[in-house]
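Next come two complexes, and both contain subunit A; in the first it sits with subunit B, in the second with subunit C.
Coming up: the complex of A and B.
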């Protein structure tokens, strides 16, 4: 899948990293993206949100997509400018159907221990898209506009 | 009495146990399993245990941490115990609100409030 047109960037803008499929290696793309966000003037709240969404995507890729198989890899592509952050995470798994994941905030699911990662990715980013297979997720985080001065 | 632990600082009294996370990023995915094991050892067989988890050192949270907390809460309920959370910063509390888990957990502003809350149940 190529970068969704509504994300407003070109393929050539993206930086690609391939990391071994384990949770320790999965931290490296996070560190680089957070550093780039700080350089581009994002506030701690926005950085917190993107970091949380990315961690959920990486965890899903390592644990569910690649089934904790250390011989597999996770591909991360990212772009950061002062207005937006774009991140793609792809695993080697057979994918899933995001629509089939139960709503963790439904009353009957509230006490279920699992199933909140995807919901948090949606909550903390502007837009989330999957490829048809479901093994590649694209996330867009736009910088919040500054608060308007009160008159 | 304070007991040494790699991820948790545990203080036990006659009435309750107070647990603090030792590292700001302790609730990241990498450490969750170890924390869960430590907490399981703490509550195992402790019928009626009153436990406060102090989040004052925590500035990051993931769905894996929420899952761990839900399992701990259920375990304590099964043992007629109680779990209370305290000192959760605004960003972390937002995660509880978004997931609606602020309806499941008893969340207090301070440790003192949480401990006082045990007496009111």
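Coming up: the complex of A and C.
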């Protein structure tokens, strides 16, 4: 899948990293993206939100997509400018159907220990897209406009 | 949260995305276990968080306070560890309370509705005081 057109960037804008499929290695792309966000003037709350969404995507890729198989890899592509952050995470798994994940905020699911990652990715980013297989997720986080002055 | 369920950024007074260490300290106070969490409960530390919470002996009617005032980050796996502790305590008649989360962490708790599962207090004393109070008397059924 190529970068979704509504994300407003070109393929050539993206930086790619391939990391071994384990949670420790998965931190490196996160560190680079967070550092780039700080350099580009994002406030800590926006950075927190992107970091959370990215951790959920990476955890899903390592645990569910690649089934904790250390011989597999996770591909991360990212772009950061002062207006937007774009991140793609792809695993080697056979994918899933995001629509089939039950709503973790429903009363009957509140005590389930898992299943909140996808909901958090949607809550903390501007847009989330999957490829047809479901093993590649694209996230767009736009910088929020500055608060309007009150009269 | 706005109408689409997106979380709106709030003033940047409470987030430290650079602090990536994690530590937990357990003590007993007022008949409860108080677990203070420090740093970031991110994906590289979630096993440690889970292990520390499992070490808490949830005997019958155990009350556990999770002091989140120094926790800068938590992801869904960390929330899962909180829920596992809550379920373990509740099965034995106990309870878990959350205390003083930073604004960003509190937002995560609220957006996932976990504040409906575990009450949030402003400080440890308030949580302990609430447990010290006798339960409200039950109203007799009206004739």
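Observations
By definition in this document, the second predicted complex is superposed on the first by the 151 of 151 C-alpha atoms of A that agree within 3 Å, B and C clash if a C-alpha of one lies under 4 Å from a C-alpha of the other, contacts with A are read in each partner's own complex, and residues count from 1 in each chain.
Assume a contact is a pair of C-beta atoms (placed from the backbone, for glycine too) under 8 Å apart; a residue touches a chain by one contact, two chains touch by 3 or more.
Computed from a prediction, not measured in an experiment: that's the story for all the values here.
Once the two complexes are laid over each other on the shared chain, residue contacts for A:65 go to neither subunit B nor subunit C. Looking at the shared chain after the overlay, A:144 reaches subunit C, while subunit B stays out of its contact range.
Taking subunit A as the reference, the larger set of touched residues comes from C, when subunit B and subunit C are compared.
In the superposition on chain A, A:126 makes contact with subunit C only, not with subunit B. Of the two partner chains placed around the shared chain by superposition, neither subunit B nor subunit C is touched by A:29.
Once the two complexes are laid over each other on the shared chain, residue contacts for A:104 go to subunit B and to subunit C alike.
Residue contacts after overlaying the shared chain place A:55 against subunit B and subunit C alike.
Contacts of A:93 after superposition on the shared chain: neither subunit B nor subunit C is touched. In the superposition on chain A, contact is made by A:114 with both subunit B and subunit C.
In the superposed model, A:47 makes contact with subunit C only, not with subunit B.
On subunit A, the surface touched by subunit B in one complex and the surface touched by subunit C in the other have residues 23-24, 27, 45, 48, 51-52, 55-56, 59, 104-105, 110-114, 116-117, 119-120, 123 in common. Residues of subunit A touching subunit B in their complex: 23-24, 27, 45, 48, 51-52, 55-56, 59, 104-105, 110-114, 116-117, 119-120, 123. Taken in their complex, subunit A has these residues touching subunit C: 23-24, 26-27, 34, 38, 43-49, 51-52, 55-56, 58-59, 104-105, 110-114, 116-117, 119-120, 122-124, 126, 144. Listing the residues of subunit B that touch subunit A in their complex gives 28-30, 60-64, 66-68, 70-71, 74, 91, 95, 98-101, 103-104. Residues 1, 5-12, 14-18, 20, 42-44, 46, 73, 75-77, 79-81, 83-84, 86-87, 103-104, 108, 111-114, 116-117 of subunit C touch subunit A in their complex.
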